[in-house]
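Look at the two complexes coming up: chain A is in both, with chain B in one and chain C in the other.
So, the complex of A and B:
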């Protein structure tokens, strides 16, 4: 078990939810499978999914919903299974 | 050895661009397209011995990974995407020899938004309506690169000197998230109150994440309209920002309701909203490199100054600026 930080792959606006009225992709304690969408980053009218490259347990988002994010900045943390 | 490269990872909407773009079809709705930051684009080309307007790649926010199928010279300019050849960091703004089988990888944009990759011989995709420039949204001239795609290259010139662009000749990509953008009043500035015209040139305008090569959407103060806009022939339309359909200049600050949208390379050429201001073409590269959340301040200039800025950009993108390494 180790805590892994998922970093933003590109700059843009971070979203925790698929749409403004929807539930967040993950809440703390949720199981994460490889390929799960964890967040969206909006840039150029496109929403790029941030996908899990490892499986484990979701621990929480590291940046706020709707916040501007830089590449390499932490998006969320996952406790690796 | 085929003259081509293979796309390992496409990046975010990496497109072939060429200058002067797709000229002559605006009235049929085809935008000019072409590189958003022509300054960086041209410097990439001259570094590899190409004519400065040769087809090259525009990378947006997150760069691609390419494997060369031929020996070539490459150069990366524009936004800092930390390029690597076979995993080793390589400098930007510099001629880089690369051998067949080697991989050029660009990462996310650490500063700025758009990088350019020029390859000796240029990109040799088939021109559409006279240009290789890609209008991705409509698929004119092709689309953005896709994984696995092989892209043909042209014949390089020989005897290229390994060079770099001296720092003084490069576009200065803002490090404080603010950009001073030169713009002219007009053509429809008289549809706004004089106070609003002044406000436009003094306010902070934040770039929305919904901005792209079609338009740069801004958030800022409200616009107040003059009698020209509020007391007009109903044929113009209901909203104060409506006008009988007219041609849009490149760089127009198009006002749709209360949202200003700067019309850039892939923008529509006609419509029914007013264009109170126009960004100078020599300042387009700043719009190309500004990121969502960054702030634009518009500096009012006249046509003479716009011409001088254009001449400066032209001088900075000639082979004479290069220094041997």
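So, the complex of A and C:
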């Protein structure tokens, strides 16, 4: 068990939800499988998914929904299984 | 002299720079609004005043009507130019600006509303005797009337769900037999998909070219500035534009441009506008599809063939002057091509590539123009569209312009990130592009074939 920080691969605007009215991709306590979408980053009007590269338990987002984010900045944390 | 003293630019990037230059030439002071992420952009360096209006995301800055109106009040500007995109075709914004007693550089809110609605625009076009895509007059009653309409306009036809949209609920029928087989299924699908089984029929234009006509109007009178062709598109985004259109018969050109003037005068159009048409290469006919009530990205190709400064004309008309040009004053000379240079990687599915511009070496010589909002050392932000700049060339013939474009692209160096310059270097050498033998589907097919060839070469 170790706490892993997922970093933004690109600069842009971070979204926790697939659309403004939808539920967040993950809420704390949710199980995460490899390949799950954790968030979206909007870069130059394109939406790029941030996908999980490890499995575990979702602990929470590190930056707010709709906030601008730099490459390498923390997106969320996962307790690795 | 313009009736405007101080102009606020409610846009960013290359078009903001273009507007500032036009205003400066007329002795108009400029106020540039910027988001927090745009304080270093070229337009902010060139404007007389800069106002930060909000955070980076456009909904909190360039799309926020209240913040722009506040900047207008605070700056004391007597006019606003919306550029393209953002609030440029937002009738509510135009109305609020007018209510403040400030000049909106564009048509009035009612015209934006009217021409922005596809059904209303189609009605206005029909009233002005401008051809629209032939089809059923509203919904078809039954299978027999569907067949009757199709026989009248000729196959192939599109069967569309009245309640559909965005490409959904469309079927193609090549023959009478296919139509008879398609209609009942399409009705059932429309009922299931949209809760409404209404269908209508339109001619299916297989080999379409995208041709548009630039117009200027002062509310009473309108003139055209010939046509542009923008058939090279990817995901409905224009990539490469020319003026005039290649391979367009002269009689068709004259009818097309005259129809645009009729429609502009029918709606009492004021300002610069563009009427978009599809040109059906098989039927040799053109059809009005929609009007853009703003300046367009590709306006420079029109400026190059006519010598008319469209932004200057917009500012003069907005300032209250009658149209200075007569139709006979406007001549089409030579040929112009514009390519859009986007911060995208053509080798990786056009993946966006924001970041610092370290190298920017520009081409020069006669008939070469570069419109941009960036400079060496500038960090391209990830929050807005990917347009870095536009390379425009002119020469006395289309072949000359193609050669000049090839040369200019070989001089151009933007880096270190990828850009669509590499795509244009390939396109300018392509036999179909050089022959002008393209349609709106051509570029996507070409990209697909190219990706497949690259994959094959890799696996070999």
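Here is the rule we go by: the second predicted complex is superposed on the first by the 81 of 81 C-alpha atoms of A that agree within 3 Å, B and C clash if a C-alpha of one lies under 4 Å from a C-alpha of the other, contacts with A are read in each partner's own complex, and residues count from 1 in each chain.
Assume a residue touches a chain if its C-beta (ideal position, glycine included) is under 8 Å from a C-beta of that chain, and two chains touch if they have at least 3 such contacts.
All figures in this text were calculated on a predicted structure; none of them were measured in a lab.
Of the two partner chains placed by the overlay, neither chain B nor chain C lies in contact with A:34.
Using the contact criterion defined above for the overlaid structures, shared-chain residue A:64 touches neither chain B nor chain C, since it reaches no partner. In the overlay built on the shared chain, the residue A:72 is in contact with chain B alone; chain C does not reach it.
Of the two partners chain B and chain C, more residues of chain A are touched by B.
Once the two complexes are laid over each other on the shared chain, residue contacts for A:9 go to chain B alone; chain C is not touched. On chain A, the patch touched by chain B and the patch touched by chain C overlap at residues 10-13, 42-46, 68. Remark: chain C residues 37, 55-57, 343-344, 351-352, 354, 381-386 touch chain A in the complex. Taken together, the chain B residues at the contact with chain A in this complex read 12-13, 60-62, 107-110, 113, 209-213, 291-293. On chain A, the positions that touch chain C within their shared complex are 10-13, 42-46, 66, 68.
Looking at the complex, you find that chain A touches chain B at residues 8-13, 42-46, 48, 68, 70-72.
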